[in-house]
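Chain lettering (A, B and C) follows the sequence in which the chains are written, and residue indices restart at 1 in each chain.
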């Protein structure tokens, strides 16, 4: 996107809480924003590196749980006979812990993924997410199981005595999520347009060739998974301190599916894809709900829509839109060189 | 000791149906290379069919069972024909997404049609269990076990003794050569998907009356089916069979001696451990990388 | 780690088996620094298998491969590339969905020193290096003659240019020893001629070249030495003139009757 358009777009986004009076709409935007951050992180792994990771919600949930537990403090046996007690810590520190833990689990999965590729990897990642969910559900001493972690404190920033920013209300959370989303986007863009990003794409497109020019597959996989997981963890932490209740349902497979839909329908391997996909599939349920359609039918529409997008726009919406825009521009210009489509350069 | 025997017996019975699930998926996954997310939905479809025919239409229990399986086969063929055909040759995530879309649509259609309330299905067996020394088993479950064994044997016979089975095996080993030798790959795909789905539906139809029927029952079934396929190695029917029993045993032992909460987690833990040690599964004959 | 008396690659007793089939049987040869050595032989003689073993894509069941003294056995392909040994593939292998320019940029992977943290922080050193890499990529494209195609998607290139792109990507990885697997197969005579010139220029840059090729005109034209394989074994090793007159080679390629008729 051109500079001017980007700035205008950002200005618009930043202005929303100033004129949007409907708090419910703000809520929807906040949750959608959190999902977009998670989708962008998944895009790094699924879109750019080509790894079929279907356990992404595990990182999201780990970020949420770790952040909540550190912020609330806990007392539990981490190992039989070893009682650990942690006093509540400031939320910004808790969030950092959430991100770090999510990143570490990403590191583990990255190491594993080298041995287990393709469709097998799909199953391992799905299983991983299920195991984490079951742990959260059953390790009641630590996680409160299905009774959920309650009263999670919101983020508070500031210098005690001087000023304090509390992210309790919706507008504040909107800005927080927006800032994190913009930062995440920038990080991904930097990564993708660099040596590391090119190595990921190389791995996805042609692994033997990538090997032959010195790309270390394991390192690339681990890096991609780690960053992807850490970012998902950040989204999870944001979620935890916004809704302020976290239960094992946060690990449900359906949320991974939502992220996957956002990435693939939006356009995997493009920067804008997860954002477009996120907006569409984040706001779609609300639109359907406003039309008074029963929740189950909403999901059926969701499913059918997914299938249609995959059939008719297999690369996703963003590349299709770009292609269409390209053809419109080239049509009147007779001098367009035949058979030389301009590729999607550093998106 | 008695408890152990009882757990063992339960595992044996559960394992039979798990094996059906696993065999169905290993065929689909192995021959078509499709990550079939609708497998669990065929399982719940089978269960819901039993519910519908027995409780609504008053059809004879055993006839309903046959109907459920036949309809499962039909649904599988329909899914393959309508959705997967066009995707032949597309990359794996595209197919995956379509399967996920179908899964969402199917599950919610079921929920819409029958609501989320769990349903139970009457069965014609005597309610007092059969007691065999220190262990006991309900007639219903015994029936399930017998039918499962019959179906497992039937699958094995189909794959190894019939022309269709031979064509399927050829397609699994080397698609291009099979095609060159005259195997109609399109038909094999439809047949494989239909057969695998039928087995899943059978598993659901058998277990539905044993437990209860609810819309999301297919999800765990799907995941377990994948666990079994990995355990047993892609495309291996004996592997899937043994894998099914192993998983059932791990679950029973886990539930009995560790904690019932971790019952379902056992399977997944097992997969992850096995894949780390032997990425091709326990019984895979051919090296597969992705 | 400097090679002994200018020996770039030393292969000794290389044996490769696939199940029951012995693809390469006790292959021993050397490539001297700065020379162009061609590996010839009928299809199935084991040439590509040897390549695959040398560059770490398959495991050799026996034998020793050393690059300038460093043992290659057991190393991963990317490690071998880092040593300076880069290969191309028999079947056209590029990053199809990427532009020609980006293909070469990927090939420059080893040239770049950017660390992930620096990348994420957006440090100016990263931007500086990116600029340098862009210039490098352009230079390489000019060297092989593809600069006009820089912005095009690789998959849209005509066959001859695709093969040039493969070489460009391999050159980007800064090889000291370049292994080319049938680089001109499928090329017309004009393209082959042009490639032979390119090869001369690559060689002038100091790169040692190990070539697998069927095109005899090219092989005779560019090689300093030729090694001929048949059934996994070396049957001849010498200068083009020596090989041309070698009856074993003729027999291997064209059969016993031809050899007797023309021998």
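We take it that a contact is a pair of C-beta atoms (placed from the backbone, for glycine too) under 8 Å apart; a residue touches a chain by one contact, two chains touch by 3 or more.
This is a predicted model, so every value here is computed, not measured.
Asker: What is the shape of the graph in which nodes denote protein chains and edges denote touching chain pairs (line, ring, star, complete, other)?
Answerer: The chain contacts form an open line.
Asker: Of all the chains shown, whose C-alpha centre falls nearest the centre of every protein C-alpha atom combined?
Answerer: If one averages C-alpha positions chain by chain, the most central is A.
Asker: Would you kindly tell me how far, in whole Å, the mean C-alpha position of chain C lies from that of chain A?
Answerer: 42
Asker: I'd like the Å distance between the centres of chain B and chain C, where a centre is the mean of that chain's Cα atoms.
Answerer: Taking the average C-alpha coordinate of chain B and of chain C, the gap between them is 49 Å.
Asker: Would you mind pulling out the distance in Å between where the CA atoms of chain A average out and where those of chain B do?
Answerer: Roughly 32 Å separates the two chain centres.
Asker: Multi-chain contacts only, two chains or more: what residues does chain A have there?
Answerer: If we look for residues of chain A contacting two or more partner chains, we find none.
Asker: Under the touch definition given earlier, write down the residues of chain C that touch chain A in their complex.
Answerer: Residues in contact with chain A: 55-57, 76-78, 81-82, 86-89, 93-99, 101-102, 105-107, 109-110, 112, 114, 116, 119-120, 122, 126, 130, 133, 151-153, 156, 169-170, 172-173.
Asker: Within the complex, which stretch of chain B touches chain A?
Answerer: Residues 29, 33, 35, 83, 86, 90, 92-94, 96-98, 100-109, 111-112, 219, 223, 226-227, 229-230, 259, 261-262, 264-265, 267-269, 271-272, 275-276, 279, 288-290.
Asker: So in the complex, which bits of chain A are touching chain C?
Answerer: The contact residues of chain A facing chain C are 186-187, 190-191, 193-196, 198-199, 201-202, 205-206, 208-217, 223, 227, 339-343, 345.
Asker: Can you name the residues of chain A that touch chain B in the complex?
Answerer: Of all residues in chain A, those touching chain B are 46, 52, 54, 112, 115-124, 126-128, 130-131, 134-135, 137-138, 253, 257, 260-261, 264, 268, 294, 296-300, 302-307, 310-311, 314.
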